[in-house]
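Two complexes come next, and they have one chain in common, chain A, joined by chain B in the first and chain C in the second.
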Partner chain A sequence: MPRLSRPALLLVPLLGFMVLTYLVPFLGVAAWSVTLPEPGLTQYQTALTDPLVLSVFLRTFRICLIVTFATICASYMITLLWVRGSRMQRLVIELCILIPFWISVLTRAFGWLALLSNKGILNTWAQNLGFLTEPLTLVRNEFGVIVGMVHFLIPFAAFPLASAMRAVDERVLLAARGMGASRTRVFAQVFVPMTAPGILGAALVVFVFALGFFVTPALLGGGRSVMAAELIYLRIFQSPNWGLGAAISVILMVAVGGLLALLMRQARPAGAR
Partner chain B sequence: MITRPGLLAVCVAALVAVFLLMPLIAVIPVSFTPTRYLSMPDGEWSLRHYQALIDNPAWAKGLGLSIGIGVVSAVLATSLALAFSLGIWILQPRFAGLLLGIALLPMVAPPVVSALTLYFFLITLSKFNDFVAYDTWAGVALAHSVMIAPYAVVLITVALAQVDRRIDLAARGMGATLGRRIRQVILPSIRFGVLSALLLTFVLSWEEIGVTLFITSVDAVTLPRLMWMGLRDNIDPAIAAISVLLIGIVVIVILGKTLWLGSSEAKAK
Partner chain C sequence: MRRGKDGGRRVAKAKAAEIGAERIGKSFGTFEALTDVNLTIGRGEFLTLLGPSGSGKTTFLMILAGFEAATRGRLTLDGQDMTQTPAEARAFGMVFQGYALFPHMTVEDNIAFPLKVQRRSAGDIKRRVTEMVEMVGLGGHGHKRPSALSGGQQQRVALARALAYDPPVLLLDEPFSALDKNLRGQMQDEVRRLHRDLGTTFVFVTHDQSEALALSSRVAIFNHGQLQQVAPSREVYERPANRFVAEFLGQINILPLGGVSAGASGTTATFEGQTLTMAAFLGAPTTSFALRPEYMSLHMVAPQDGNAIRAALLDLTYLGATTELALKTPGGTALSLSQPTASLPSSLTPGAEVWVSWAADRGLFL
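Coming up: the complex of A and B.
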């Protein structure tokens, strides 16, 4: 082992690795977006005016908003019990959050297909019990995409929410109770506002995750409700227009960069407090 | 704790918990269906899809490839991340934020953008060699290393934040060289952080699909890639069988860890 004389040398391998394998190739992708098929900004013009691409952007934005809202609501309620429940409740909830978290996105999407597809468990039961005569279409549409994404993202929202809830001073809640506020009022007017920075942070994380989502929408959307990430895949591999795929990637990267800058600004004062 | 959640809150949380577990439980009966397509077993249960996992050599090949790529990329990513995090911890450079930003880039960028970037990288490499290239195991291992290294940086940096700087200063004051400080003072205090980084990066590579989809086609077919092919068009119930096995492993590991070590919260107290 050669003797290390300067600690700065420790930084070089990973930084060099990232620059070579990530930063430079990303510049290459950005170069595609302004050179394929011809030099100029035509691909960005297409991306921002073409009705098909615009409708995909709009759908992506709408699905991400719905998914973020549903994920935060569901995650908040389950995290509440994870942090403030009895010992047994905490243990059970922890398992319910951690087990899905460690299971691959493919397996989880497959689980939803098994549950929701036309020959899936829900439709089979509903038909056997006589609730339905025709199977209900629950996947290969936007509903399936939203269910799958919310399921994937709940654990990711639970971790920041839990740390926000653990920071709440119990005595404030007791004081509110002592002054005669009902349970509901303590929750809505004391507990939720005190965890608001955590909610905002978790919402931003979930939204950023949802924006770049590819696997779940591709499997549960069945090609019918295409989102931005899947559009990139289609433009690279199925009906090739590499320039457009690259341009959409750059737009997506800029959007996520902007949101993360917002997250940093939001996180800093909280950390300083 | 005195202000416990009320009955309503418990019921809503229970519903969410059911929602979280439902799709994982749903794959179990489906994996025993006797038919060739996705359906519930109708009275008759069969093990044919588990048999198919053994009979079709593609599954064993995918398994071997995924383990190999996971080990190589986890070791590479964790080594690079370890050196980097040590460098940041020792130097505390003023521009540490910027350096960390570069190191964490693949973690925060949208996965599909990373996938396209690595696709560009590997098809460019393909023009110069056949080993580290598009649709080769070495290419996939390299791309996975890029994607998982940031997670190792985070875990090791967190472990380093708990090391008492004065111990290192004492070693330095007594004349220990940098290599010796790292090997005999710092590394022993962060060995659990490094081990968990190795484990996490292996798992992340093991289940990586977003990037893998862009950089492989027919030769470097990892286990997730194989599952993707069985899910995309006609759903193959063999996917249910493999899913049950994968879920089983996760449940056993998590249950074992939680019951053995106690929940993370009990530890915190």
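Coming up: the complex of A and C.
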């Protein structure tokens, strides 16, 4: 058996902490899922057949896909300016990415409520200015959830995208332009493909994060657009069925674990280059 | 329509362009990277830009390519103003030190890229790509990604890609600096062959003087953003325009002279009490006389004719075919000689008193 080298010992406190605060509780939850209310796999059967639970899974999946796509598109444009813009543009973008990043998710969800709700700033102004007669329903539905989630997730995509973009050798782009390629062609056929590993990595990070979202969908969805994490909360705290809540948790955890494994595989060749 | 190899050559030759740079200047803030560069690069010429690091070679190349705008001056292409023409419209081929290949494309797709930009037919592209892959000796590697190739192979792909679309000008920025010495020699031969076969105008940047002398028909020497001299290799080496050029192109000995007087048959001067004569064509007389190490020969006793001075041998460096000698005159001037090893007496050791001579038609006033 290989002996632990000294630097590896430095990992022990972290590993201990992870075991104590994540692994042990998770095993507890996993145990509930097969023991409550009686031993067996009935809760998994319910989770995978019950129309309500399935509809929540489906909605979660759909929202996560839309959110991932929108976040990557928005982030790509913002990050492009962040990495390749003028000094002033860089500064502005940096503030626009970092300030929201430091603000609590709760505060930001309430911010969107204040902005988008029927009596919110946007609807009031639009009505006062005569653009609208009836308020537009922008929150307490899937749209509101998506807006809030995309806003929260943009920085998480921006960081990996920025590092992928910074790794692009400027001279490759110059060589392409030198061969007569227009800026549009250089962007679409050279720059974007060269950052593709970064795009995929960012998309996986965003998707994994989105799967477990709780606060934003709970507040901006207004109970009408329940996602997996909120359903777990409801089954544990409101209409108690701990076994079912635990089973849903385990399913979500397996999905996240699978995606993370994919992310690691994806990150390795990029890192080795 | 079939286009044979020679047909292709003729087309390429006809496309080679002449470039003119008139009083080009470039400032980065208050820093002047280029000052008043005047240069004409002839149709089908192979010109190297040579200079120490930071002398403005890359900046000048970027201005030629259109990636940087000159702060001052004018550029012409075949006599037409191109100062404002964007890089993609100039469409000069570029080869960089770091290869700059598209990592997500195979060798063939890399080479096909400029042809697709030109919207050539699929059949035409396929034919041209195959031809270029063969031309740079990469047959069988066409389906590989650049990362699966060695440095030399990657640079060959970059050359093939830059030449595939018959650009009017090929610009190369220190393309072989990252390669080891043997490979660099091979690549230099290859570039010379490509230039001969294609007849395109080549502008090649390097900081390596032997590379510049070996490769090109003319050398343009830069220092501190100023053009020092533009002349054929032999001329810049043998008749450098100034001291910087003389010293940058290789070892050179500079003798401080006294009593310089020009006559009809040449110049006479004294060096440490010795009278020297120099042929009239060695330039307007000054008090600095420059001699390449290989123009001087070593003697154990005072030679009968030619210019000769006394010196003490300080050190020998054996280099195989030649030996480098470090000497010092009684007056304290350091000299460096390069002699065929076979011509040296084997008894020669540091400390020996020797004579150094050279013919009256060698050397140059600086």
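Throughout what follows, the second predicted complex is superposed on the first by the 254 of 273 C-alpha atoms of A that agree within 3 Å, B and C clash if a C-alpha of one lies under 4 Å from a C-alpha of the other, contacts with A are read in each partner's own complex, and residues count from 1 in each chain.
Basically, a residue touches a chain if its C-beta (ideal position, glycine included) is under 8 Å from a C-beta of that chain, and two chains touch if they have at least 3 such contacts.
Everything numeric in this text was worked out from a predicted model, so none of it was measured.
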* Classify the contacts of A:Leu252 with the two partner chains as first (chain B alone), second (chain C alone), both, or neither. => first
Chain A contact check, chain B vs chain C, more residues touched by chain B
Next item on the list: Examine A:Arg177 and indicate which partner it touches, taking first as chain B and second as chain C; both and neither are also allowed.
Entry: both
- [ ] Kindly classify A:Ala109 by the partners it touches after superposition: chain B alone (first), chain C alone (second), both, or neither?
- [x] first
>> Quick check on the superposed pair: does A:Pro25 touch chain B, chain C, both, or neither? Answer first, second, both or neither.
In response: first
After superposition on chain A, the chain A residues reached by both chain B and chain C are 174, 177, 183
Note: in the complex, chain B contacts chain A through residues 1-6, 9-10, 12-13, 16-17, 19-24, 26-27, 29-30, 37-40, 80-81, 83-84, 86-88, 90-91, 99, 102-103, 105-106, 108-121, 124, 142-143, 145-146, 149, 153, 177-179, 182, 203, 207, 209-210, 213-214, 224, 227-228, 231-232, 235, 239-240, 243, 246-247, 250-251, 253-255, 258, 263-266
Per the touch rule above, chain C residues touching chain A in the complex are 65, 67, 87-96, 98, 100-104, 113-114, 117-118, 147, 158, 161-162, 165, 167, 171
In the complex, the residues of chain A that touch chain B are 1, 3-11, 13-15, 17-19, 21-26, 28-29, 32, 74-75, 77-78, 80-81, 84-87, 89-100, 102-115, 117, 119-121, 124, 151, 154-155, 170, 173-174, 177, 183, 186-187, 208, 211-215, 218-219, 228-229, 232-233, 236-237, 245-246, 249, 252-253, 256, 260
In their shared complex, chain C is touched by residues of chain A numbered 169, 171-172, 174-183, 185, 189-190, 193-194, 196, 273
